[in-house]
Structures are given as C-alpha cells and as structure tokens.
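As structure tokens, here come the structures.
Two complexes come next, and they have one chain in common, subunit A, joined by subunit B in the first and subunit C in the second.
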Partner chain A sequence: MQKFKTKLLNFCLPALLPVSLLLIWQIASQFNLISTKFFPAPSTIIKTVYTLVQGKELFKNVTISLYRATLGLGIGASLGILLGLLTGLSHRANQLLDSTIQMIRNIPHLALLPLVIAWFGVGETSKIFLVAVGVFFPLYANTVHGIQSVDPELIEMGHVYQLSRWQLFTDIIFPSALPAILVGLRYALGIMWTTLIVAETIASDSGIGYMAMNAREFMQMDVILVSILIYALLGKISDLIAKFFENEANHWQINE
Partner chain B sequence: MQTVLELKAVTKKFNGQTILNPIDLTIQQNDFIAVIGKSGAGKSTLLRMIAGLSAPSSGSIWQNQQRVTTTNAMTRIMFQNPRLLPWKTVAQNLSIGQAKITSEQLATTLAQVDLTANQHQYPLTLSGGQQQRVALARILLHHPELLLLDEPFGALDAFTRQSMQQLIENLWKAQQLTALLVTHDIEEAVALASKIVIVGQQQLLQEIPINLPRPRDRHSPAFKAIVQQIISQLETSQVQPAG
Partner chain C sequence: MAKTHWFKKLAVALFCSIWLIGAAFGYHYLYGNQTAEAKTVITIGYQKGDIFQIAKLDGGLEKALEKENYTVKWHEFVDGSALQEALKTGSIDFGRTGNTPPVIAQSSGAQIVYAAAGYSKYQGSAILIPKNSTVKSVKALKGQKIAVAKGTSAHYFLIRALKKAGLTLNDVDVQYLDAGAARIAFEKGAVAAWVTWDPYTASAQTDIGAQILTTAEGYTTDRDFILSTKSFTTANPDVTKLVVSQTNKALKRANQNKSQLIKNLAKALKMDQATITLMVNRRTYGLESISTEILKEQQSIADTFYDLKLIKKKVDVQSAKIEN
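Our next item is the complex of A and B:
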C-alpha cells in the first residue's frame, strides 16, 4: 500500500502545477476573465487541432517541416561527424582544418539568414542549408573531443595485439568516441528545431512556422499556439529518439 | 638452456636525464624473473623496452637472436590496468586480434581462469580480480613465449592478489612460459621468481637466484630469510651499489 501511494505521489506531484494552470486558464476563459482574443481557452485549442487535422493543411505543413529538418540534420550531422573523425584521427588534417572550422563556429549561424536568402532565395535549399550549418558544429566539436579522449592505454593494447588500422578504429576508437558523438547529436537536435523555426517564420510559404506566421496575419491565436505545441511535441519526440539511441549505445556502462 | 632474451648494454635517457645506465641481462627459457626496486627506479621502463613499446637510447635487446624493435606476437604484457574494452563482453574481448580463435580454445582458456560463467558479461560488471583474469586469458589465447607483467596485482586486495599469484605460477609451470614480473612487493617476488633482479640507482644492482622448492611456503624460515636479505640489500643500496 505504501509503495502504491509513493508511486501515485511521484506521478501526480509533477503534473499538479501544469494541470492546475490549465484548469485556471480554462475557467478564466469561460467566465471571460481573460480576453479570448489573446488567450484562447484550452478547449478552443483542442477544437482547432481537430479542425486542422481534418483539413490537409496540418499534415502538409508538418510533413514539409519534418522533411527540411531531417535532410538538414542528415547533411550537417554526416559532414560534422566525418570531418570530426578526420581532424581527430589525423594530425595533419587537424592542423589544416581545425582552426578555420573553429573560427566559423563562432559566427552565430542564425545571423547568416539574410546572406542565405540572398544566395539561395526562399526555397527549400536555404532552410536545409541553414539547419545543416547549425547542426554541423556541435557534432564536429563533440566528435573531435570523443576521438581525442580515447584511452591511449587501450590503443597501446590494440598495437600489442597487432590490430590493423581499421580494427583499431572499429574496435577501439569509434566505440570509445560514440557516447560523446551521441551527446553532440542530442544537442544538435535542439539547434535543428530552433534554426528551422526561425527559417520557416521569416522566409517560407509552407511549414509549421509559415502556418504560425500566416495565422498571425489573421489574428488566429489558437493556430499560433497549436504551432508552438507542435514544435514542442516534435522537439520532445526527437529528444526521446536520440535518448533511446544513446541508451542502446551505452548499455555496457554500469547504471547503478 | 635456451636463451630467450638478451639485453646488451641497454640504456635509457629521457629529456637529458639518465634513467638507466648500461644494463646487461640474460633470460633463459622457462625462467621466472622478478624485477624489484624502489618506485621510479626504472623497472617499468625496462619492461617497456623489452616489450618493444619504447626503444633503448643505446644498446640492443635480442629475443631469440632477433633484434627487438617493436611489439611482436611472441610477447604479451599484463598491466596493472587490465585494459579491457568495456563495450565488448568477456568472450568478445578475448577474441580480438588477427588470430582466429576457435570456440574450443575459448572454452578451454575460460576454464583455466575460471571465468566460464562470466563470458557474456561486460567488464564493468566484473570485479578487479575478474578483470585481470580476463586480461590473463586474453594473453594465454595467443600462446606467448614471453610473458611480461608490470605490477599486475597492485590494485587488488591481498586475498585476490595471492590467488592470482598462484594462478600465474600454475600457468607458467603448465605451459613452460618465460616470465618477467615487475613488482614492488618483495614477498610476491620471492614467492614466484627463479631469479630476482634488483634495479636501483639507474642500474642493475644484483641478480639473486631463488632455489626454494615449489610450491613456495611463505611461512618457512628460508623464505622469510630471503625476504629479509633482499630488504636489507635494498636499504644498503641507498648508500652504494653492490659489486
């Protein structure tokens, strides 16, 4: 009985505050204590979600946002990991490339937006490009760090056992660096979403961000709030997926 | 008696400092050499040169009449850190390397170190003693001719240390290995070695053959006498080298 009560409490207490706020918000809207023009009631928002899902709009916009995010992530992450592996493993490559990459890293990539629009217009390329740039740097930096943190004693052991260079990489260096790379990935996911939101809000004719901006034109607060909720939901799901891969890769670590 | 290892006037300098002055040493087949000396005396440096992990500043090292320049398949090393790959199971750790290991060889070796029940576990779930046994099993699977041990039991508790020492001795005898053990534990050295080499003051101070019968009885007067003798020799070597 005691254990059940504790479990119930553990589940309910964190939910107490948000649920109470939602209730207060709903009641306040129903009794017109707050302006429904600026704060649609939770019930209205649920209705809006239903309407949007019914029409093709929501599906089309979410799909295109996901497409841009995934493609940008794929390109930026692959390049980041590949270059990170290169500069981490090769001293020459490090000397040639690292300082340049670090210099560019210091430029806030969102500031590149006007430049990107000037180069690529307001089509898909500009958004995917910007996401790729944003995602590249955390993955690059974490990959290099992961490679450089490999235990040199393990590498020496590999040499004693006459592991080939490929075996050294697949058996020792890469598995050792993997946890760091996955941390970089989780961090990059947050950047992916924020970059997408900015790019879609400012320079787009489709996507969730466009949907929100368009709704603003017509003062459709409920649609704007739904867009925010969708971004939050997508962000949470991508984080869960990344966490899943992280746990899979780290299954050999003790979790006590 | 076949000579397995020969050191000829081997020296080691680092950053202008002399770590070892010319050292000559001969190791015969099935010898068990224990190298003892104070910390920082250069014992591990010597072992690493014999292993081919670092090069002598001058002089040469010969293994079976071939010059030692790098690591080779006939020599295996056991360090204080077992150096296992934490992302691989025990069985997978044992299978690394170029040589193909059959499942029979694996089973036999696991039984030799009493780890058959743990072969699918990950290293981080094993105790320190168990991890060292995995490291030992990995070594045995490659049938080395020369076994180098660099203070392998220093991080283990007293009981585990003694059982590991016993295990090493049994395997050394059964497989006719040649072993070189670096240790600062004099009892361990007297219990295992056929010859003790004392390193101090940048040189090889003394070679002491140990002729006690095996299995060695640590409580016998003869054993204790030798331990005392070595301790006093180490103490007097502070003042001047012998010979």
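Our next item is the complex of A and C:
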C-alpha cells in the first residue's frame, strides 16, 4: 500500500502545478476575468488545433519544419562531430583549426540571418544553413572535450594490450567520448528549434514559424499559442530521444 | 526492469520513425510538384491581398507563362521592405509594392525598375483611430503616438497628411512598427492612431470598429507598382511585357466579378468575408504604364524622404524607368 501511495505521489505531484494553472486559466476565461482576446481559453486552443488539423495546414507546416530541422541537424551535426574528432585526435589539426573555429563560435549565429538571406536568398538554403551553423558548434565543442577528457590511464591500458590506433579509437576513445558528444547533441537540439523558429518568421511562406507570424498579423492569438505549443512539444520529444541515447551510451561507458 | 527497458526502446524507435517520415513528407511538400523538364522559373513576390495575389488566384498569368515554357513560383512577403530586399538579391524577379519601397531601394543602390503602375487605392489606406477616439482632425494628433511601418506608402502618406495640417514628423511621436506589431499596439490603446493599408485597414475596421480619421485621398495617389530589376528586364523584355499584360487581364476579370473575387480572397487570406468585401469594394483594379505624372510623384516621394534624411542618397527616379 505504501509503495502504491509513493508511486501515485511521484506521478501526481509534478503534474499538480501545470494542471491547476490550466484550470485557473480556463475558469478565468469563462468568467471573463482575463481578456479572451489576448489569452484564449484552453478550450478555444483545443478547438483551434482541431480546425487546423482538419485544414491539413498544420500537417503541411509541421512536416516542412521537421524536414528543415532534420536536414540542418544532419549537416551541422556530422560536420561538428567530424571536425571535433579531427581536432581532438590530431594535435596538428587542432593547431590549424581550433582557434579559428572558436573565434567564429563567438558570433551569435542568429545575427547572421540578414547576411545569410543576402547570400542565399529567401529559399530553403538559408534556413537549413543557419540551423546547420547553430548545431555545428555545440557538437564540435563537446566532441573535442569528450575526446580530450578520455582517462589517460585507459589509453595506457590500451597501449599495454597493444591495441592498434584504430582499435584504440573504436574501443576506448570513442565510447568514452560518446556521453559528452550526446550532451552536445541535446544542447544542439534546443538550438536547432530556436534557430528554425527565427529563420521561419523572416522571409518564409511555410513552416510553423510562418504559421505563427501569419497569425500575428491578424491577432489570431490562438494560432500563435498553438504554434508555441507545437515547438514545445517537438523540443520535448527531441530532448527525450536524445536522453535515451545518452543513457544507452552510458551503459557502454567503461567503468572503473 | 528489463520490461521497462524494452518498452522505452520501442517508444524511441517509434518516435524516430515518425520523425523521419514526417521530414520526408515535408520534403515532398516543398519539392514534390516539380516537373521533369527544366523550365525557366519566374519568381514573383507578393503581399497579402495584393494585385499579384489576385492574379495568382485567377490563374491566367500562370497559364500564359506555361505556354511560353516558363514556370511561375510565388513568394509571399510581410511588407514592401522585405520584398524589395529579395528583389535586390535576385531571389525574386518581379514584386509588387506600394509607392515608397522602390524609392528606398533605389537610394540603397539597387537597380530597380518600374514595370507598371497600379490604379490608385487611396480609399483603402487610412489613418485609423480607435472606436472611442475623440480625435477629429489630423492637427489634433499633435504630440500623440502614431504607429506606421517605416519606408512604406503609409509612411509617405503620414508625412503628407501632417504637412497639410501644418505639422512635421517631429510634432508627433512616431512609432515605427510593422503591421502585426502595430495592430497589437493599436488594439491595446498604446498608440492614438495607426497609418496603414488594406487588408489591415479593413481588418481593423470590421474586427475592432476602428474609425477612419482620413483616407489617403488628396494626399497621395497611393498606387501599387510592379517592380523588377534592370538586369532581368533587359534580358527578358518579352516576359516582362507578358507578366504585366496578363496581370492586367486578371485584374480586369476581377473587377467584373467582384463577388467571386471576395470568396477567393477570403479563403486564401483566411479572413472573414465582411473584411474582404469592404476591401474589394472600395477599389478598382488595373495596371497602366508609367507616365510622366506618375514619375513626378515618385520623384517628390524621393525628395521628401531625402529632405527628411530618411534616405541617404538623392534619387533620380528617371533612371528607374524601363527603356522601351
């Protein structure tokens, strides 16, 4: 009985705050305590989601955003990890590349938006480029850190066992660095979404950001809130997926 | 413990597959409808509810261009400034803006040309005041906050209206806000007036009972302009002529069947019919060639903006005329 009570509490307590807030919000809207113009009731928002889903607009915009995010992530993450591995493993490469990359890293990538539009126009290239740039740096930095934090005693052990350089990498160095790389991935996922939101509100005619911007021009607060909820949901899901892989990687982690 | 683990793995695998399938759908929506043959693409930039959008809904322009082996791509912009940036970088080949963005574009060195002029639309452009406002004249706006989008036809309209009332921009508190932000400020009462154009004017009138203090009548002809770049029009004079004549035909058709136009626009803009009816009925659509009169007004816009130091270089609109 005790165990059931604790389990129940564990489940209910985190949900208590958001659920009560939602209830207060709904009641306040029904009794017109807050302006329904600027704060649509939760019931209105659910209705809006239903209408949007019916109109197929939602599906189209969400999948388009998904495509851009995935492609940008794929490009930026692969480049980030590859270059991170290179500079982490090779001292010469580190001398050649690292300071330049760190310099560029300090530029807030969103500030590049007008430049990117001037270079690549208003099409897909600018958005995907910006996402890739945003995603690149956390993965690069974390990969380098992961490689450089490998326990030197483990490397020594590898030498003792006369592992080849490739074996040393695949059996010791990479698995040790993997958790750090995945932390970088989780961070990069957040950046991926925020970059996409910004890129989609400027010079775009599709995507979730465009949907929100479009709604803003005509005071459709409910649509704006739905867009925000979708971003929150997508962000949460991507975070959960990354967390899962991080836990998996931790199982592989060499324990002392 | 093992059971939970198995469940988690399945959930993640499921989410990942849905994610990737979704991304694939997105790819399809973006690139799916491309024909195998590499036709030349003409990109046209438009704004909400404008003459290009009407031509787009009409379909005649696209058909005529298809016959000449061109595919048309449309791109929506939030206002003239964003559109003119895209025109400058060559992202679009044609664009429609009000009377002020081309002047601004020229002053920044862009090789913009006027391809055609639209009929006046001053009845849809107005200085709006809130429903319960006691303001009776432009003069009464002295010292008050006025919202307007920078570098647009509304900006020029405001300057002219203030001048007629014996005021300058310095006599009022100008808030440069784009249509979305201005609407919010206006609704919340943060500004005493909002200078804007249709569909935003009509939307504010029907949605929140905004009143018109004055329309642009008498202050500016408030024309639309179809713009392109010097390089594009010199290289493609036939396409330019085609785009202009076909757009004009579509607009003439729209004039003759306004009830159908209202239905189509309301659906495309996802706005209610009352607003669109208001917008469409106070306007006659059409294009005409650039006359000396029209260039004169454009020059006076350029000079006004230069005198007020709103643009940095002096502009000679004559150089933006297409050589026939």
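By definition in this document, the second predicted complex is superposed on the first by the 251 of 256 C-alpha atoms of A that agree within 3 Å, B and C clash if a C-alpha of one lies under 4 Å from a C-alpha of the other, contacts with A are read in each partner's own complex, and residues count from 1 in each chain.
To be clear about the criterion, a residue touches a chain if its C-beta (ideal position, glycine included) is under 8 Å from a C-beta of that chain, and two chains touch if they have at least 3 such contacts.
Note that the structure is a prediction, hence the values are computed from the model and not measured.
Student: Taking subunit A as the common reference for superposition, should the pair subunit B and subunit C be classed as clashing or as fitting?
Tutor: With subunit A aligned, subunit B clears subunit C, so fit.
Student: Determine, under the contact definition given at the top, whether A:I172 touches first (subunit B), second (subunit C), both, or neither.
Tutor: First partner only.
Student: Check whether A:G190 is in contact with subunit B, with subunit C, with both or with neither, and answer first, second, both or neither.
Tutor: Neither partner.
Student: Would you sort A:V122 into first (subunit B), second (subunit C), both or neither based on which partner it touches?
Tutor: Touch status of A:V122: second partner only.
Student: Is A:P42 touching the first partner subunit B, the second partner subunit C, both, or neither of them?
Tutor: neither
Student: Of the two partners subunit B and subunit C, which one touches more residues belonging to subunit A?
Tutor: C
Student: Looking at the overlay, what does A:I64 touch: subunit B (first), subunit C (second), both, or neither?
Tutor: second
Student: For A:I241, decide between first (touching subunit B), second (touching subunit C), both and neither.
Tutor: Second partner only, subunit C.
Student: Kindly classify A:S164 by the partners it touches after superposition: subunit B alone (first), subunit C alone (second), both, or neither?
Tutor: Only subunit B; A:S164 stays clear of subunit C.
Student: In the superposition on the shared chain, how near does any CA atom of subunit B get to one of subunit C? Answer in angstrom.
Tutor: Value for subunit B versus subunit C, nearest C-alpha atoms: 16 Å.
Student: Quick check: in the complex, which residue numbers of subunit A touch subunit C?
Tutor: Spelled out, the residues of subunit A in touch with subunit C are 37, 59-60, 62-71, 117-118, 121-124, 202-203, 205-206, 213, 216-219, 237, 240-241, 244-245.
Student: Which residues of subunit C touch subunit A in their complex?
Tutor: 8, 12, 15-16, 19-20, 22-27, 29-30, 48, 75-78, 82, 85-86, 89-92, 179-180, 183-184, 187, 200, 203, 207, 271
Student: Okay, in this complex, where on subunit A does subunit B touch?
Tutor: Subunit A residues touching subunit B: 153-154, 156-164, 167, 171-172, 175-176, 252-254.
Student: Which residues, counting only subunit B, touch subunit A once they are in their complex?
Tutor: For this pair, the touching residues of subunit B are 51, 53, 71, 73, 76-77, 79, 81, 83, 85-88, 96-98, 122-125, 138, 142.
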